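Which chain is which? They are A, B, C and D, in the order written, and residues in each are numbered from 1.
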Amino acid sequence: MASITPLRDAVAGLIRDGDTVALEGFTHLIPHAAGHEIIRQGKTDLTLVRMTPDLIYDQIIGMGCAAKLIFSWGGNPGVGSLHRFRDAVEQGWPHPLAYEEHSHAGLANAYVAGASNLPFALLRGYTGSDLPKVNPNIRFIECPFTGETLAAIPSIRPDVTVIHAQKADRRGNVLLWGIIGVQKEAVLAAKRSIVTVEEVVDSLDAPPNACVLPGWAVSALCPVPGGAYPSYAQGYSARDNRFYKEWDPIARSREGFAAWMKRHVLDTDDFDGFKRVLAETAGREIG
Amino acid sequence: MASITPLRDAVAGLIRDGDTVALEGFTHLIPHAAGHEIIRQGKTDLTLVRMTPDLIYDQIIGMGCAAKLIFSWGGNPGVGSLHRFRDAVEQGWPHPLAYEEHSHAGLANAYVAGASNLPFALLRGYTGSDLPKVNPNIRFIECPFTGETLAAIPSIRPDVTVIHAQKADRRGNVLLWGIIGVQKEAVLAAKRSIVTVEEVVDSLDAPPNACVLPGWAVSALCPVPGGAYPSYAQGYSARDNRFYKEWDPIARSREGFAAWMKRHVLDTDDFDGFKRVLAETAGREIG
Amino acid sequence: MTDRQPDFTATEIMTVAASRLLRDGTVCFVGIGLPSTAANLARLTHAPDVVLIYESGPIGAKPTVLPLSIGDGELAETADTVVGTPEIFRYWLQGGRIDVGFLGAAQVDRFANINTTVIGPYDKPKVRLPGAGGAPEIAAQAREVFIVLKQSPKSFVDKLPFITSAGYLDGGDARQKAGIPGAGPTAVITDLGILTPDPVTRELTLTSIHPGVTVEQVTAATGWDLKISPDLRTTPAPEPDALAALRDLQDRTARAHGQAAGGEG
Amino acid sequence: MTDRQPDFTATEIMTVAASRLLRDGTVCFVGIGLPSTAANLARLTHAPDVVLIYESGPIGAKPTVLPLSIGDGELAETADTVVGTPEIFRYWLQGGRIDVGFLGAAQVDRFANINTTVIGPYDKPKVRLPGAGGAPEIAAQAREVFIVLKQSPKSFVDKLPFITSAGYLDGGDARQKAGIPGAGPTAVITDLGILTPDPVTRELTLTSIHPGVTVEQVTAATGWDLKISPDLRTTPAPEPDALAALRDLQDRTARAHGQAAGGEG
């Protein structure tokens, strides 16, 4: 049963050094606030999983919290490279980052398999690609009926999945809508889960067959209004496209990045503090 | 692209003798009107697929349209046996009915595999059950990563799937809600599809992430208000529980069944005609 | 057994006894009919936060009247969410999120294996039963299973013609050896008493007998030589509150759509 | 090529030429960036009933401004329906429902294989690119594929360091022999011209050259000895309507959120 918990306590209690952690989101509803809290608490040796690692993974990797990344597309959407991710992969800074690389179809199926308690995902995939040559976790099996060859990859079973959603009710039931990505699967595939939400309401008023996570299937529920910034929450906030562009020069140099992270994340108490400092340094309203 | 078509034409044009046909629905939204039209048109040699064959399959089987049934639970929900189904299986009347039997988990996964264009479905299932002893289409494979044994069954790929839904817009997009069963998967697994709907509207006004089938993924769209009777359509009609009970004595004898089918289905032009005659014989308002 | 008790019927004590086993907060995968009645009675009495999942898709259903079928609109309208049937079996049951699978049965044997497929040979059935439905995977994957059915020589048989859903198979550790994850049937609740598996042999043993029922009656209603626990208890009579809640529920149900009976579909 | 045409830029003719290839009613799986611009231009001009599917979940998206990322709210709000990302890849792409996969690329080779993974060795990359995203399965499973990218010796290379997504592999019938279902890349649209695969060898051949561009320019921008079609056509200049629609779209987009660029995530 989800307990309504401050984010700091949820991250402290549920994410352990060395865990496999998925902070999921497909452009929309990316749990940035939770990512900052992981950095503030100095978690180490994490295996990060995400289909589309972006700015928050660039930050977690650049701050040295991650030992490995499982992913299918890593970039700054609409802008370009993730410089901290590239520096870790290309130069081993701040330390080498192991990685396991898939296609979106592969990882999406691997989350479904994880949520379904299957040991592997079955798909038509990777044919003709060099990915199976560099990823021993892409294998091929034969259909027992037709003899066709199909791809198999291990299911994703994170220790902890973290997502951001629009709202929850007081019993901990969570409702998200719009671009929902793989978030439901990622939560159900995980041993533990943290859901940050825009608001907690008396009644969800969920439409029929909406994407709802029952409270008893979630470990911790943390009210963090605007907790997806600079990503967005449909119905609550817009994506701050400017910040995605501003991130590019910040992340280009190790020193600039470290100074920025210290000032905006390490030296702030929480996500509201981060947004206050960012509003000062960016010279505009944030969130 | 779905064309808006009279049900009679859709059944005549899209369902051929010998086809594999799934009329799906899980208590809710069962396409009874379409089933009657299959009977009126005297289709033969069909392989019927459904997780929960009920009254309409009892009727189709009893009228001799089916050569085979693929199913996981066959009964009159809340009442008891399907007498025509049992007569076909136990006594071979009106002719022997072959059948392939699964569990719900198996068939639900087989529809998902069909919709996903996979040749087989992978699940944890059937362990300790005698079903694999009598169904050669239940096989077991080994996980290429963990060595675990998992069940495999062929995917379901009907020639035609038929469902009933609440509404469609003029571009043929279909919206259903409430207990949606396997209907979306059954339509997407099929080569062709017929969707009967309660109404056609200018705008679907679908909630975010609702169960919508795009018009271009459906073959024919047939407005048949009340077309699920005696099943129901949430938001439109209630289930006629009395009829489910009344069916039991009707179906018990071959002669009583044949006479009832002639009067109510063969001698009526369409589903409205059926309901008019039923209102007379049952002595109450129908639909 | 006929209803010789002044205060409650045999079906009522069966239902109340079954409902008592459901603890509050349990996530329960509910079969239609007797299991659904018992599970909803639990929800309306001692277990308000029990989570009821039906294979048709509703999660957290809170029906005010009993469903006649497993896909009644009442279940969808009162649920926390309604998902597709594949998701129920994939993410929720196979996903390992079900505490209790609550099943009915046509027949059971001494190792709590279930038959709902055929009487007679499979290829030439004497009676064709409805079939497996969700039961094989519920019986295998729920953390534990409760079975509720009326006890008679026809339903409690020495040798099942067909094992639809696994209990303890041949007994002992056969179930574990077959790789079945859940603990299996931990209670079979009948109109005569409660049977629980022997901790070692896994043979069903009469451990509780309903008030007014004799051991001879139970033995006579069982198609094998039934083991009787040396510590045989008497099932407590239904609490007046529980009985009142059950009768209210059934009255509401009858008014809404006539007497409920079991069935998927 | 610099913009020596008085009436349109090289990027504009690339976009218009790409958009022309999309027929009305086509179901198109759209990559972000140039493919998304071209696909939406088609929708706003000659192909109003093109169905645009984005891997983030929107089906039938009709954005009024271009998405900056593949998961912009504009896509969800204007779509016929939004499904989960697994469903997009399972039921819609792998399900065989996509007519055209419209992709960008960092690099292509003469057989229209795509690299978006690394420059240099995989284990010791010189430049780590974003990776595969949805492309390997889009390139394999869409009935046909259009690739749109700017042409230069760095992007049109003789030997790819890594094949992320299959074109025609080693050419000839190598793609079919590998069991890849879709027909493969039937057109590569660049800022200089249009390349299409030879019917037999599957080698990319320049079959259309944009007005004002010389064959020497195209050859110089290609890292292998480019085959030129004996029937080389000149790409028609953008129709004034199409050009106006494109510029309107980009103006609206710039006003809404600044200049669009490519990216998943």
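In this section, a contact is a pair of C-beta atoms (placed from the backbone, for glycine too) under 8 Å apart; a residue touches a chain by one contact, two chains touch by 3 or more.
These numbers come from a predicted model, not from an experiment.
Student: Can you tell me the least number of steps between subunit C and subunit D, where a step is a move to a chain it touches?
Tutor: So the least number of steps between the two chains is 2.
Student: Comparing the two chain pairs, does A-C have more C-beta contacts than A-D, or is it the other way round?
Tutor: The greater number of contacts lies at A-D.
Student: Averaging over Cα atoms per chain, report the distance between subunit B and subunit C in Å.
Tutor: Between these chains, centre-to-centre, one finds 28 Å.
Student: Hey, how far is the Cα centre of subunit A from the one of subunit C, in Å?
Tutor: Their C-alpha centroids are separated by 41 Å.
Student: For subunit B, write out the residues touching at least two other chains, lowest number first.
Tutor: 112, 117-118, 123-124, 178, 180, 184-185, 208-211, 234
Student: Two or more other chains in contact with one residue: find those residues in subunit D.
Tutor: Subunit D, residues with two or more chain partners: 76, 82, 84, 90, 94.
Student: Throw together a list of every chain pair that touches.
Tutor: Those chain pairs which touch are A-B, A-C, A-D, B-C, B-D.
Student: Subunit B touches which residues of subunit D in the complex?
Tutor: Within the complex, subunit D touches subunit B at residues 25, 27, 51, 59-60, 76, 80-84, 90-91, 94-97.
Student: Could you please specify the touching residues of subunit C with respect to subunit B in the complex?
Tutor: Subunit C reaches subunit B through residues 32, 55-58, 68-73, 75-77, 82, 84-86, 88-90, 93-94, 113, 117, 122-123, 125-128, 130-137, 139-141, 162-166, 169, 175, 178-181, 257-258, 260-265.
Student: Tell me, which parts of subunit A touch subunit C in their complex?
Tutor: The touching residues are 1, 112, 115-118, 173, 184-185, 188, 206, 208-210, 212, 214, 216-217.
Student: Along subunit A, where are the residues that touch subunit B in the complex?
Tutor: My answer: residues 117-120, 122-124, 137, 139, 141, 143-146, 148, 150, 152, 154, 177-178, 180, 207-211, 234.
Student: Per the contact definition, I'd like the list of subunit A residues that touch subunit D in the complex.
Tutor: Its residues touching subunit D are 26-28, 51-54, 71-81, 85-86, 89-90, 101-105, 108-109, 111-112, 123-131, 134, 149, 178-182, 184-185, 211, 232, 234, 238-239, 241-242, 244-245.
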